[in-house]
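Naming follows writing order (A, B, C, D and E), and every chain is counted from residue 1.
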Amino acid sequence: MEGTEIVEDEGILRPMKCELNHLTMPDGSAMFMQGDTAVVAGIYGPVEARVQKMMYDKASIEVVYTPIKGPPCVDDRMREQIIKETCEAALIATLHPGTAICINVQELQDSGGLLACTVNAACLALINSGLSMKFMIGAVNCMIEKDSQKLILDPDTTQIQEAKATFTFIFDSSKKDLVSCQTTGRFTEKEFLYSFDKCKEASQCVFQFFRSIVTKYATRI
Amino acid sequence: MLEGDQDQEEDQGGLRNDGRRAAELRKIRVRMGVFGQADGSAYLEQGNTKILVAVYGPHQPRGSAARAGGKNVGGIINCQYSTAVFSFSAGERKRRPRGDRKSIEKSLQLRRAMESIIQLDLYPRSQIDVFVEVLQIDGSEYCVAVNAATLALIDAGIPIKDYAIGCTASLIDSTSKNDEDSSHAAGVVDATYMEECSPGATLSIIALPGSSNDATKGLVVVAQGAGQRLHLSRLEALRNRALCGCRDIRNILDRAVRQHLTVHSQPSFSTLHVID
Amino acid sequence: MRRNLPRSKYQKGIIHPIKYLRDYLERDIRPDGRQFLRVRPMSVNVRSITQADSSSIFKIGNTTVVCGIKAELAEPKVETPDCGYIIPNVELPPLCSPKFRPGPPSDQAQISSKIVETVFLNSGVLDPRNLCISKNKLVWVLYCDLICIDYDGSVMDACVGALMAALKTLTLPEVEHNPDTGAIIVHPSKRLSVPLKGAPVCTTFALFEDQLLIPDPTEEEESLALARLSLVIDGEELCGVYKAGGIPISQEVLMKSLSQSKKRAELVRKLIDTAISST
Amino acid sequence: MADIPLSLAEKTFILHGVDANFRNDGRIRNEYRAMELETKLMPQTNGSARIRLGNTDVLVGVKVEVDTPFPDNPFEGKLEFFVDCSANATPAFEGKGGDSLATEISNTLALAYQSPHAINLKTLSILPHQQCWKIYVDILILQCGGNLFDAVSIAVKAALYSTEIPKVTAATLDGGKPDIQLSDDPYDCIKLDAKNFPVLVTLCKIGDNCVVDPSSEEETCSSASIVLSTLPDGRFTSVVKMGHGSLQPTTLIKTLEIGKLVGIKLNASVMESLKKEDALGTNRPIFGFLR
Amino acid sequence: MPVDQRRINGPEVTIPYNIYFDSNAKQTETRKTLPKKRTDGRDSTELRKIFVKTGIVSQAKGSAYIEMGKTKVVCSVFDPREIPNKTGYSLQGELFCEFKFSPFSCLKRKIHQQDSEEKEYSIILQRALESAVCRHEFPNFQVDVYALVLDNGGSSLAAAIMASSLALSDASVPMFGLVTAVTAGIYQDRFYLDLTEEEEVICSKAPDESTSSRNYGIVIQANLPQHGQISEFFHVGSMDLANMKPTVEAITTACKELCPVMQQCLVKSVLKALKRKENMEKEDQ
């Protein structure tokens, strides 16, 4: 079962591509590309938990993020935490008490919006793994240009050079509320709320894409 | 104190740097039972390579080996190969005595060699520790370590199938082909550090040389090559040379063990008698 | 009202901490006797550590963070020849809470370090070019070590507060650098402060069921919260909104937290200023 | 150290023996066991020594290297101790098992040699700020049978005594870079001034008395011991308490007094035997581990 | 050394600025004056003002803060837990002590990991406390004691020992008695109690060969003043026995003097707790 899907959205976000079951060993996996940014995510779970991390009432979620080069450092630890806590919010961990769910993410290329890309990849891999989730999670990255004060959705590396502030918002698919958020730079309240609204709208495209991928793979079985 | 093949022949051209002939071993000196506290121990010198080995056990499994082999019903052999930081003959000093990749690899290979001679089924759920301490390095140290470990096992009274004997055979210069008929062409045994460093190939083998009518005779347990490329056609000759060295070492060590036992076992028999 | 009892000593008796907390929240009060939107009393103390170049101790309720800055000299990076270094590290030693074990920094300490660094860089409080002594040759390195002494919730708030208070009182000795010979002379008696602009203030919120938002949570509230949210405000602008997972929050709650943190920011700024002027 | 399980009766026996100044191996309280000391037994090192004290067996190798001095001590050479507890001594030392004991011993040695009264590191300087000798003293513990500290310190003293450092024939600064020439003749060496090297004396408090050179059985009976490093003139360069017990101030002073006397004697007899060995000349047979 | 991936790292080489001070005449000056008079005007056996407070870390079972002159040390003690990585059963409980200088507490910036000095101090701290704690009361368990120096103004280890003993009693760990400790320095036949950091530096360097007495060194001694016992003794330097005796005696007396200060602190914290309980009961009614 393999295949590649190209979905052209309305030009708001960079084109997304996804291939499920990219890896054979994990219980669920996804290779996800957003523009030139690409990551691979693999899920093992529920598996036997390590004694120190075992929780009697729910599954413990472990995330390992591997950067493209060098050993993981403090920055990657931060990314790991966001992925972990976001997936924790989406998963129904209480269904598998005393076990562990391992999410492994490997960065392949970073051309802007890496965090959003990893979260989307993790979500697709979770869907692929068949673990029960409360909702899907979709991440959207945007920035405010320094000179023009213009909002650019899903910028690439060259555009980010000109950024005054960047935002990564992660929304849930049911109520479209904010699950996670990370920002860089200085910005006003108005700018923040404006980009929040725009990204919320754009998150529809992400969820739409998720749905199309799931339907596509579902019919193929 | 025993000495290697000493049939000296005056053949200047065929002699090695230290005056040995190609199939000649270095001086071997042995002492068994060096330590009082260990269950078995041995000290072995082959030329300037000097090694101490202590054997503890069989005892209840403990430490990392026990955890790793928890589901293992048979006996566990636990080896540690450690090199004293001052052991190099050259000026430099080793940074760590153990824990580096080479030491770990040697520990593992040592375990393989020991597993091949110890009758593990005699020791279910027990552990035997073999600790090697290299005091001075002058070539063939891994082979000498295996020889010393065998002696320490004998000293500990652990039944073994056969001596596990290591010996190196080294082609001093593997590129030269003109002297096919000279004795060096088949390699020199028991290489020193200088010979190991020469631009050639060194083959280390651990074999069970066996007594003359043994089924396991000449069985090679561990083999390892190092150095430059070696033409396949020359491997067999090299292996035979090393095996030949193994047999020589075995005879020397066997004599040493027998001598050690005759010297040390009599008093214990008499005390046993008194208790009776 | 049991607000003065040291928490850890009497928390032990709680068998069902979640229900315990929920009972309080249902009666519109927090376990330490606070109203929902009240923050704990804060205090800040500067220049108390003699060996550091500047220091501060920031307390929010029980939570205590000590910040010490040590300045050293180094060569700048090739890419940024006129920029100094600021190295903030948050230390959550085992001393501050039984949650931490001795050894390398926990994941949480690493994430806290990263957040403090991001807040610092985003806010642009200190231009690293002000730390340049001689371009391409010599710059200041400010090692800002934030050590948590008492871990009782909202540690990020205390860390950011302590860092800002310490930076505000930082003075660096005058350095003469001869670019040709490389000779360095330091005049310890002439010390100058570093120009700063703005002062970001971090406010942490905890979220509970029904989008209940409480600022400045204690450790107990933090560990039982369904989500946590941190906002960093500097004057009229924001320089960081940080939320990692937990229950999704609506825009109204976001607006509410924004207005709350603005109030808090003003309070903290005044507090730091009075503390500095009074010493 | 190897833990020897002792019953209460055995402990009482040892305790009473110490009270009566007649220990279970026939020694009196201030008596050392017989020692075997051999130096220069490893040709690949600059200096070496091996000691056997009862069952305790320690091998020390000394190697010297040219290094750059510390910026805060530009006129001094360097001295470093490294202790390796070989698993040969007890399986408990396997892997990292012996590390804590090893650091304890090397720290105590470093404290003992820290004073310029013990060793003058200035003599190890070659070119101030640029080059100096660094002495690595590597200690290999092969067997523990009690009183490890004293045994190690004696072996270290003997090994340093036997150490030969190549003579520097020329040391010049060539355009800011140091240029050093060593003597070609391997017998052209300088020896360290071993006159003031300290030895460690462990005084083990058993009951109300102190014993020197405790065996491992005696060590298990004691709750506190004092490790003194004494110079040949009776000065202390370090005093470290070991064990979890406490002691009276008067006992401490008494212990220090005994330690001083024992230390002076021990230093003298070690030096005497080292000189005796030297007198045998370079052709003496080397026994090593073959005896 | 490999880069620590778990921290934010600065440039590879950084130099403290104080080595470039243009005058180093200051040091030799104090060195000359030291044998006559101490820089802060104290008598040689006089201790600095001491401030102690318990219960400062809310999350810990017991904690204490001590201030001696410029020296500031925080110490906390946690609930007993099972001894990790232990196979056998130990009849006596264990103390795990960790002593750490915070990176900014010393003249020279300390690294985040424990260096060899701090490791050595941790062991001394452990030995000083071990004989004061009733370890048979918690067999097979371990009590963690952490000491953190915020500001080093000399005698930090002695301060840490005292703070730890207060923290242990604040944590209601059964003890035989309090532990007090004093650092003393010897320089040319004279000794000084409760050293400042400057004095520590001077006392750990050998005096010039020309001077009459070659004695120097630092002595750290911890006592159980209520029992007249020495629980830890540590000396480094070079000195003869004749000088050791008066030093030990002086420290022993000083340790006795310190005891009431610590007792008062504990009494105060107990009274406070009682009062709080009273108030609570009143409110409940």
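As a convention for this text, contacts are C-beta pairs under 8 Å (C-beta built on N, C-alpha and C of every residue); 3 or more make two chains touch, one makes a residue touch a chain.
The chain list, named the UniProt way, goes like this: A = Exosome complex component RRP46; B = Putative exosome complex component RRP41; C = Ribosomal RNA-processing protein 43; D = Ribosomal RNA-processing protein 42; E = Exosome complex component MTR3.
Quantities reported herein were computed from a predicted structural model and do not represent experimental measurements.
Shared contact partners of subunit A and subunit B are absent; no chain touches both.
If you take subunit B and subunit E together, the chains in touch with both are D.
Relative to the C-alpha centre of subunit A, the farthest chain centre belongs to D.
Sorting all chain pairs by how many C-beta pairs they have in contact places C-E at the top. Each chain gets a centre from the mean of its Cα atoms; the one farthest from the centre of subunit B is C. Closest to the protein's overall CA centre, chain by chain, comes E. Averaged C-alpha coordinates put the centre of subunit C at 50 Å from the centre of subunit D.
Averaging Cα coordinates per chain places subunit A and subunit D 61 Å apart. Mean C-alpha position of subunit C lies 29 Å from that of subunit E. Of all residues in subunit E, those that touch two or more other chains are 6-8.
In subunit C, the residues that touch at least two other chains are 110, 113-114.
In subunit D, no residue touches at least two other chains. In summary, the structure contains touching chain pairs A-C, A-E, B-D, C-E, D-E. Against subunit C, in their complex, subunit A makes its touches with residues 74-75, 77-78, 80-82, 84-89, 167, 171-172, 175, 177-189, 192-193, 196. Taken together, the subunit C residues at the contact with subunit A in this complex read 107, 110-111, 113-115, 118, 121-124, 227, 234, 236-251, 254-255, 258. Of all residues in subunit D, those touching subunit B in their complex are 2, 42-45, 48, 55, 57, 59, 61-63, 65, 82, 84, 86-91, 94-97, 136, 138, 140, 142-145, 288-291. Those residues of subunit B whose C-beta lies close enough to touch subunit D in the complex are 1, 29, 31, 34-38, 41, 43, 45, 48, 50, 52-54, 56, 62-64, 78, 80, 82, 84-91, 93, 97-99, 129, 131, 133, 135-136. Residues 4, 6-11, 13-18, 20-22, 55-61, 70, 72, 74-76, 78-79, 98, 100, 102-107, 109, 112, 144, 146-148, 150-153, 276, 280, 283 of subunit E touch subunit C in their complex.
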